[in-house]
Amino acid sequence: MDLIFEGILKAFHLIFTLDPEVLGITLLSLQVSGTATLISLFIGISIGTVVALTEFPGRRLVVSLINTGMGLPPVVVGLFVTIFLWRNGPLGFLGILYTPAAMIIAQAVIATPIVMGITLAAIQALPKKLRLQILALGATRLQMVWILVKEARLPLLAGVMAGFGGVISEVGASIMVGGNIKGYSRVLTTATVMETSRGNFDVAIALGIILLLLAYFINLVLTHIQQRERPR
Amino acid sequence: MTAPAPLLAVRELRVRRGGALVLDISSLTVEEGTILSLIGPNGAGKTTLMQTLACLIKPHGGEFFFKGENVFSSHGLLQYRRMLAMVFQEPLLFDTTVFQNVASGLKIRGMNGSEIEKRVGQNLQRFGIPHLSERSARKLSGGEAQRVALARAMAIQPDLLFLDEPFASLDPPTRESLMEDLEKILRQTTTTTIFATHDRMEALRLSDRIAVMNEGRILQVGPPDEVMNQPRDEFIASFVGVETILTGRVVRKGRGSFVASIEGQEVEAVGEVEIGEPVVFCIRPENVTLAVSPRQETTSARNVFPARITKIVLLGLYYKVHLDCGFPLVAYVTGHSLENLSLQEGQNVSASFKATAIHVIRKTRGPHPPP
Amino acid sequence: MKQKKIIHAVLAGLAVLLVLMAWAPVQAQQKNIILSTTTSTQDSGLLDVLLSIFEKKTGYFVKTIAVGSGQAMAMGQKGEADVLLVHSPAAEKKFVAEGYGVNRRIIMHNDFIVVGPAEDPAKIRGVKGTPQVFKKIASAGSLFLSRSDKSGTHTKEMAIWKEAGINPEGQKWYQQTGLGMGQTLNIASEKKGYTLADRGTYLALKKNLSLDILAEGDAILLNVYHVIEVNPAKWPKVNAAGGRAFADFMVSKEVQDIVKTFGVEKFGSPLFFPDAGKKEEDLGK
């Protein structure tokens, strides 16, 4: 028990003295997961909306693939991304294995199906006649899609939160493709694993607390935005 | 003087669904500034017709012209769509304020902020809801929401307005008040409107012309009293509210009038027929008069029959009296009269109606000529 | 169809993104070295010190991938690393013999120790010869934790079992963690079991462990570190120049001096002993 207490003390110490290494690790966590979430937002919402609104042969297959993708084990994603990015792999020429860019890719692969699946469900849940109404007000198809996305903004925000939550806390893929290199590709999760395996439990707990606080504050902001508009 | 070209002209418009022909309009025109109602049973094609004319459904054949130009020409489509607006049975408002909702059609057209404010304010005023401007669309009653939907459509100042059973989900008092306001606004703005309803009274009240539809076709089009009082066939007759429809055969004919035998009784009507011809008589219940004591004076009514009252039904402001004269007959009677004559079920009365009040449908007629 | 336009826009955006991402790292390609090494070398903290000097001096960026010796050599075999720093001599010799590695040079050594609970239930304290020690643990049926991850430590442990003529596989008292040295030590401490550890990691974690050193000093417990450059002839994409630069740096006097004194201040004795230029057979004499 005093180990946890030590950890909490260490956490406060690291935060308030603005320990540069911890600061760097935290910043990198935000950068990597933030960028990955943004990418997943862009791809996930656009493709999710298209699939929700279009009839095409094989649609059912695509929908079940997306729903399966929501539960993709992150470590499996990490393994496959690593294999692709190996020097001698198909994308080896990019030379981005063991870089934050690779981590962003892996995390984006993990988060995108989550955002896509939730977008799909959210758009499908809108009243079918709403599309007709929007067109009947003179909207082009593009304008219609934009208005529908705005209508579904609350569940879409939840989808983004789910995607972000999934990747900020991810460790397996991040270690594999990032290499946990000090000052370069080390993030809160990978650093926590390393400190634990070294036996530096107080530092590990401190990093864990910082990660929890980070995730909490970001979700606090997003939740506040979402609940402010909650139908009463 | 030649009449101005109709705002909308439809030709040979066809829509299929699942292989079957669900819309088959050989021709239809709508004059500018008029209100056309479409009435018909569910599945008649009213919604399909309106959605096709609003370019929400693609026709499989035919064309239609707006202000003389073919809508399907290359640059025509978006331009045309931007000149129309549609309101549905459900308000289908957006999850934002009333103001933003009414402004949405204008924002779609890229109108600037101050113009939008003016238009929205104007239309909120028109529909009596300026106090709701900042309210969330989720917090409106059914009537308020439908007003917002109408304001949203009118804010666009459409050249053509489509209303698909807009009052169907509202309770009667709300429906009444909204219909009154809408009628005033449509007349003021001379907005050309196509309006679908299954309520004949609504159609009667709001329209310049009524089109009766069934199975994807327009069966009859014309001014309300023409369609109501001179239905072209039994289906239309029953749909427009003719309560008494009788079939019989011509037994005698005279100067412009004739007598048909209906269930053993002889009924006189006006029209050009042949002896032996089967005919259908349509008698509107408003045209049937009842008397309790045997008639002493000679009235101009040629048809007087002893009848027994089989049923009396209260219909809001008046009573529907079902009679048996040997053939079934329905009359409308005010509460006042019901009291005065002490009418009750089982009672024997005398029912009369003029020969000229009977609308005759000759059964030998072939397929309907175009309206 | 507008949906098609959206799909096209998305694909275009993706392509742009990929290109942008590829651009930056490709520029820096030649300045990157992938060093595959073991967790014990990284965990000791020695690499951090050495690498900051090396990077400042040469401008290379060293990506240290800390895995077990076994995985490090597997990466070398696939050309996914440029230089290895490992401590598993038998496997290393095979690696070089098969042509995957060149220029195997000795860097330093430290030793392994057998640690266990202070109560020493198997009574191995003072027993001479590590294989004997292992025999005693086996016959007492005392809990023994093994890393079981083909690391240098694990390979040494298996060699000792072989010497002792014992196959611990499947025995109830033999538990395999599959984890790194630090974690395995923690588990041994928690469960009051014996384990084989390198002195460096043990000393670094000592304050959190309730384990004593129960056997040490035996020649078989010598733990020798070599640097091996991955053979560019087998894998042209290997950064041969970078690998060579790093290896040369490791055997340089500057580094060897640092190694000599590393850990003295913190732990009272050095964690490693510099051996550059010596022959492996001469060690421990």
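By written order: A, B and C. Residues from 1 in each chain.
The working rule: a residue touches a chain if its C-beta (ideal position, glycine included) is under 8 Å from a C-beta of that chain, and two chains touch if they have at least 3 such contacts.
The structure displayed is predicted, hence computed values, not measured ones.
Of all the chains, the one whose CA centre sits at the greatest distance from that of chain C is B. Averaging the CA coordinates per chain and comparing them to the mean over all protein CA atoms picks out A as nearest.
If you average the CA atoms of chain A and of chain C, the two centres end up 33 Å from each other. Chain B has its Cα centroid 56 Å from the Cα centroid of chain A. Inter-chain spacing, taken between the CA centroids of chain B and chain C, is 88 Å. Taken residue by residue, chain A touches two or more other chains at 140, whereas all remaining positions touch fewer.
Taken in their complex, chain A has these residues touching chain C: 39, 42-43, 46-47, 49-50, 53-54, 86-88, 92-99, 101, 104-105, 140-142, 145, 179-182, 184, 196-201. The touching residues of chain C, counted against chain A in their complex, run 1-3, 5-7, 9-10, 13-14, 17, 21-22, 24-26, 28-29, 32, 34, 39, 43, 48, 61, 63-66, 78-80, 179-180, 182-183, 185-186, 204-205, 208-209, 235, 237. Considering their complex, residues 51, 54-56, 78, 81-82, 84-86, 88, 90, 92, 94-95, 104-105, 108-109, 138-139, 152-153, 156, 162 of chain B touch chain A. Interface residues of chain A, counted against chain B in their complex, comprise 127, 129-130, 132-133, 135-140, 143, 147, 150-151, 229, 231-232.
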